[in-house]
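Multiple structures follow.
Look for chain A in each of the two complexes below; its partner is chain B in the first and chain C in the second.
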Partner chain A sequence: MLMDFARLGWMRWLLCATAGACTLFLLAPLVLLIALSFDSSPWLQFPPPGWTLQWYAQVFHDPDWLASFITSLEVGSCVTVLSVLLGLLCGFAITRGQFRGREILRGFFLTPMILPSIVLGIALYSAFLWLHIAGSFAGFVIAHLVLALPFSVVAITGALEQTDKSLEDAAMLCGAGLWEARVRVILPAIRHGLFGAALFSFLTSWDEVVVAIFMASPTLQTLPVRMLGELRQDLSPDIAVVSSLLVLATALLMGLAALFQKESAR
Partner chain B sequence: MTQAFLELRNIRKNFDSFTAIDGVSLQIPRGEFVTFLGPSGSGKSTTLYVVAGFIEPSAGEVLLNGRSLLGVPPNHRDIGMVFQRYTLFPHLTVAENIAFPLRVRRRPKAEIAAKVDEMLRLVHLSAMRDRKPAQLSGGQQQRVALARALAYDPQILLMDEPLSALDKKLREDLQSEIKRIHAETGVTVIYVTHDQEEALRLSDRIVLFNHGGIEQIGTGEDLYQRPASAFAAGFIGNSNFIDIEVLENRNNIGDVRCPDGSTLSGVPLMGRTQTGKAQIMLRPEHIRLTAEAEGIGGHVTDAAFLGDVMAHTVLTGWGQEIMVRTPRQMFMGPPAGVGDAVRLGFAPADAFLFVPH
Partner chain C sequence: MADAIAVKGVRAAQAAPPPPAPRRLRNGFAPAVPGLAFLLLCFMLPVLALLLRSLTQPQWGLQNYAALLATSTYANVLFNTFAVAGLVTGISALLGLPLAWFLAVAPRFWSQLVFGIVILSMWTNLLARTYAWMVLLQDTGIINNFLIWTGIIQNPLPLFGTMAGVVIGMVYIMLPFMVLSLRGPLAALDASLFQAASLCGASRVQAFTQVFLPLLAPGLAAGGLIIFVMSLGYYITPSLLGGAQDMMLAELIAQLVQTLLNWGLAGAASFLLLVLTLSLYAVQIRYFSPRRGKEG
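What follows is the complex of A and B.
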């Protein structure tokens, strides 16, 4: 092969060095942030004069941080469940349905991905004002659902397309009704797609801030919204702690995803 | 007439403006092994899917024991099917796949276990019961699919080119296995294939499809010995078509002229023409290579020894290649070699006459 790694000679070292530099460049800010969260100086001094866990203790005992953490989890979970369910129905419609404009519909489902989120935020906010659900939990979930659904539709449609329709037919001839066949045979067959859809939906809601700013109220704030609010006042070690926790949570989710991939590859 | 077990009456199916099948009528007695044979796109699968209930015909009737099946959804038709693609449920083991239709039917546990064992024995896969489909070869997967399709003792078993993805040797093994299973279970089978050899080997009767319609129905021997059309003659077995002109018609026996001007008498016209342009079809094994002065002249362009037969290709004076097969015991002297001038001899009664539309 032309690009065989072992035969690149001295170029190998160049390649390794470049890869290393890129990794460092990507990871350095995160490492800095995590280091700051253990910084004993309240002014985020770097390099840290000493190490402490007191900021972590402070965040864990702060009811406001905890409340926004719970809100984020709740919104994210509702969005995930709804997004996967709706994505599944859309996926069946797009891949198995026989009606005009299927391809158009499919493209239409992707529009929230390409629209600037600030525009979506404004549009949803004005619509919710009119519907009297601005600042409510339901409004928050619906807004994030709009953002998450495209990922879910893409992941599930892709998985359904790779699953032969004859699998469904076979299950039906075995005596299963259409939806029984789909639940008992198709869902297990597309479980990676479902898992991907859930993961992306959750992450979309979890770290979304632009639309969330429009949806938030003083009593209903997700973690990123609260972080932004906090930052406006001052740069406290709390921010570094919460950010580090967010990184940790994301890393855990990614690890879970990798495990799942490995399991399903077998 | 006694009522047929399964009957298709004048089935038509349009996809938008395209007519995939038109006027398909067929009666199948219980326990028969029927094969739908025909080129790709001739409407075999569409007809099969109409029987299965996945395609609703635009017109016509499907009757089982005299009762219409059309309003009955696929899951209540009591039909088993093996598909062209592998359709084992990937998350279930072999045994669980076979048990699936029985679980769906909420049969008692003990009955399911006994039936799964019986089915695994039927397809000789008892050792594989705990494997996942991905751990099986293509042939094994289709055998499990067959076991799953038969597990609930369906009245009818449909198979849509189940062996087309397998190599020749495996295909032949599975053909004998399918034949044995048909004999053991007595299930009524409709089998789709585009492979004439497979159809001849398996079937009680063959339904020959062409352009969305039925060209001929009969046993393999019927189709080979008495093809109803040039298409049937060309599709089953090897054949040579020669353009001729019918000069004389005496009581349905004709004198014909070949393209090189030579004439033959005694060709059965089968009531298909009076005089004028037509074609005769000759099976390669009905032609002899002779040194006589009579017959169509040509020279050998290819000669191959195939064990029990010698296969020659002869280029005629008008530039058509004719296939000739001579059984070993008919060899007289050394067989003709490439370049030899030969004459083609045959009994005029062996020629089939067709009139192209």
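What follows is the complex of A and C.
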């Protein structure tokens, strides 16, 4: 009775009302962001007195927003490449290795996930100040790579565990070296895992803000750091524009992921 | 032909001389070395160095820990941290249960639509979401304007810059995690259990409190624990939505480093946060890990 929608009786109305309220709670801020980005009043009046595209024009013509966008892309790309490479090597060790403590190693690669970001942020800040690389591009990449690597390791070990190890052995019997077999036979077989690892690594870096605050300098800021700086000053419509674009990008990415899942399920 | 080659290969492998290199280098550990070295150098070492600073600065000793636990300002920060984390966890459970239940039983179209909204909100940039709540919670913001317009209140509620605002903004972020951790347990529920309960004369309320809730308790506890741990170390949302008197532990750490340059005390506060987080995760792994769930 409780797991059958038609037979819930009076509980069905209660359930629908609460679920509806929760959905509204989750959706309303996102809709508001988009509405505010077209709001003609600079004071974020709602409902808007009129509609305008001037905030979009303002953001697109602002070199600072563009610079932070490009920094985010650059940091994210470097992190993605390094994270997939290191994750792939670690994945081979964890799934194909024959040494003691493999499970401990797997657990160790996940530890950055559970460390509160603020602790990692100031720990790296302290180390980078000492090494004189605070506020540098390399610092950014190192910090975000620490956070992205666990996701890459999880995605790639998962994919490797699902591929038959005998594929690798067969290729080697046919004369391929160990790494030739892994590159030419195993890599194509785990391409979905590699794609997942790359996507999660990029998004981890792209969205990260807490550690990034301590890595940034006035001249080197990722998009979230720039947004946070603006938010601390005032609630300008610029942020509504950037936020709406991010909501749009998220929705597109979700659509892409759904399509991708359908493809790989076939 | 292929067989012959395979046999030859196997023979060749058998006939090969024993590996000259030491065994521990040939057991497949080597590929892990770059990643392991990276995490040891760029993750473990800096964190340990930070914790060491809490014992050595300004001089050797436990003075930073004594200051952290004895000063009333810092005790207040700890109280705020636990209060916010507790409230956020409780409210997320209260809202997440009906929402996840709805997703499990509603017609396909509605459940997919609502689930899409849950995921969209979860994946949207954290700062974008916090910005929306900064706008919504202002004294002249939409929520207060609406409540005054309806006549429920005469003066605006103090939402922005208070603990209430922090809790609302954080529930918004944590609610999807509760929904996701209840999805599995709800899908595993056997609908015939409730038919049995009904046949035995249980009312809907009795079936809910005596069958439904006990079966979902592990899922609720697991989701609640994750939310509680994440909330303890949260920085961005409390610092943007809260006021100075509602400071939480992560904000204190950032302030100690950024404006007071008190690395010793910041290290001590980090160690405290780290111990809290790790011990709660240990509880999580010990009692709620999925592997154990499958066995039991």
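FYI, the second predicted complex is superposed on the first by the 243 of 266 C-alpha atoms of A that agree within 3 Å, B and C clash if a C-alpha of one lies under 4 Å from a C-alpha of the other, contacts with A are read in each partner's own complex, and residues count from 1 in each chain.
Criterion: a residue touches a chain if its C-beta (ideal position, glycine included) is under 8 Å from a C-beta of that chain, and two chains touch if they have at least 3 such contacts.
Everything numeric here is computed off the predicted structure, so don't read it as measured data.
Visitor: Based on the superposed arrangement, let me know which partner A:Val183 touches: chain B (first), chain C (second), both, or neither?
Guide: Neither partner.
Visitor: Please work out whether A:Leu256 is in contact with chain B alone, chain C alone, both, or neither, and reply first, second, both or neither.
Guide: In the superposition, A:Leu256 contacts neither chain B nor chain C.
Visitor: Identify which of chain B and chain C touches the larger number of residues of chain A.
Guide: For chain A, the partner with the higher number of touched residues is C.
Visitor: Between chain B (first) and chain C (second), which does A:Leu248 come into contact with in this model arrangement: first, second, both, or neither?
Guide: neither
Visitor: Between chain B (first) and chain C (second), which, if any, makes contact with A:Ala57: first, second, both or neither?
Guide: A:Ala57: touches no partner chain.
Visitor: Please indicate which partner A:Leu66 is in contact with in the superposed arrangement: first for chain B, second for chain C, both, or neither.
Guide: neither
Visitor: Is A:Leu173 contacted by the first partner chain B, the second partner chain C, both or neither?
Guide: Both chain B and chain C are touched by A:Leu173.
Visitor: Output the chain A positions appearing in both contact lists, the one against chain B and the one against chain C.
Guide: Shared contact residues on chain A (touching chain B in one complex, chain C in the other): 173-174.
Visitor: Can you list the chain A residues touching chain B in their complex?
Guide: Against chain B, chain A makes touches at 164, 166-167, 169-177, 180-181, 184-185, 188-189, 191.
Visitor: In the complex of these two chains, what residues of chain C are touching chain A?
Guide: These residues of chain C touch chain A: 5-6, 9-10, 24, 27-32, 34-36, 38-39, 42-43, 45-47, 49-50, 53, 95, 98-99, 101-107, 114, 116-121, 123-136, 142, 172, 175-176, 189, 191, 194-195, 197-198, 204, 207-208, 211-212, 229, 232-233, 235-236, 240, 250, 253-254, 257, 263, 266, 270, 273-274, 277-278, 281.
Visitor: Spell out the part of chain A that touches chain C in their complex, as residue ranges.
Guide: My answer: residues 1-5, 8-11, 14-16, 18-19, 22-23, 25-30, 32-33, 36, 44, 46, 86-87, 89-90, 92-94, 96-99, 105, 108-109, 111-112, 114-127, 142, 145-146, 149, 153, 173-174, 207, 209-210, 213-214, 224, 227-228, 231-232, 235, 239-240, 242-244, 246-247, 250-251, 253-254.
Visitor: Report the residues of chain B in contact with chain A in the complex, numbered from low to high.
Guide: Listed in rising order, the residues are 52, 54, 73-77, 79-81, 83-85, 87, 89-91, 100-101, 104-105, 145, 148-149, 152.
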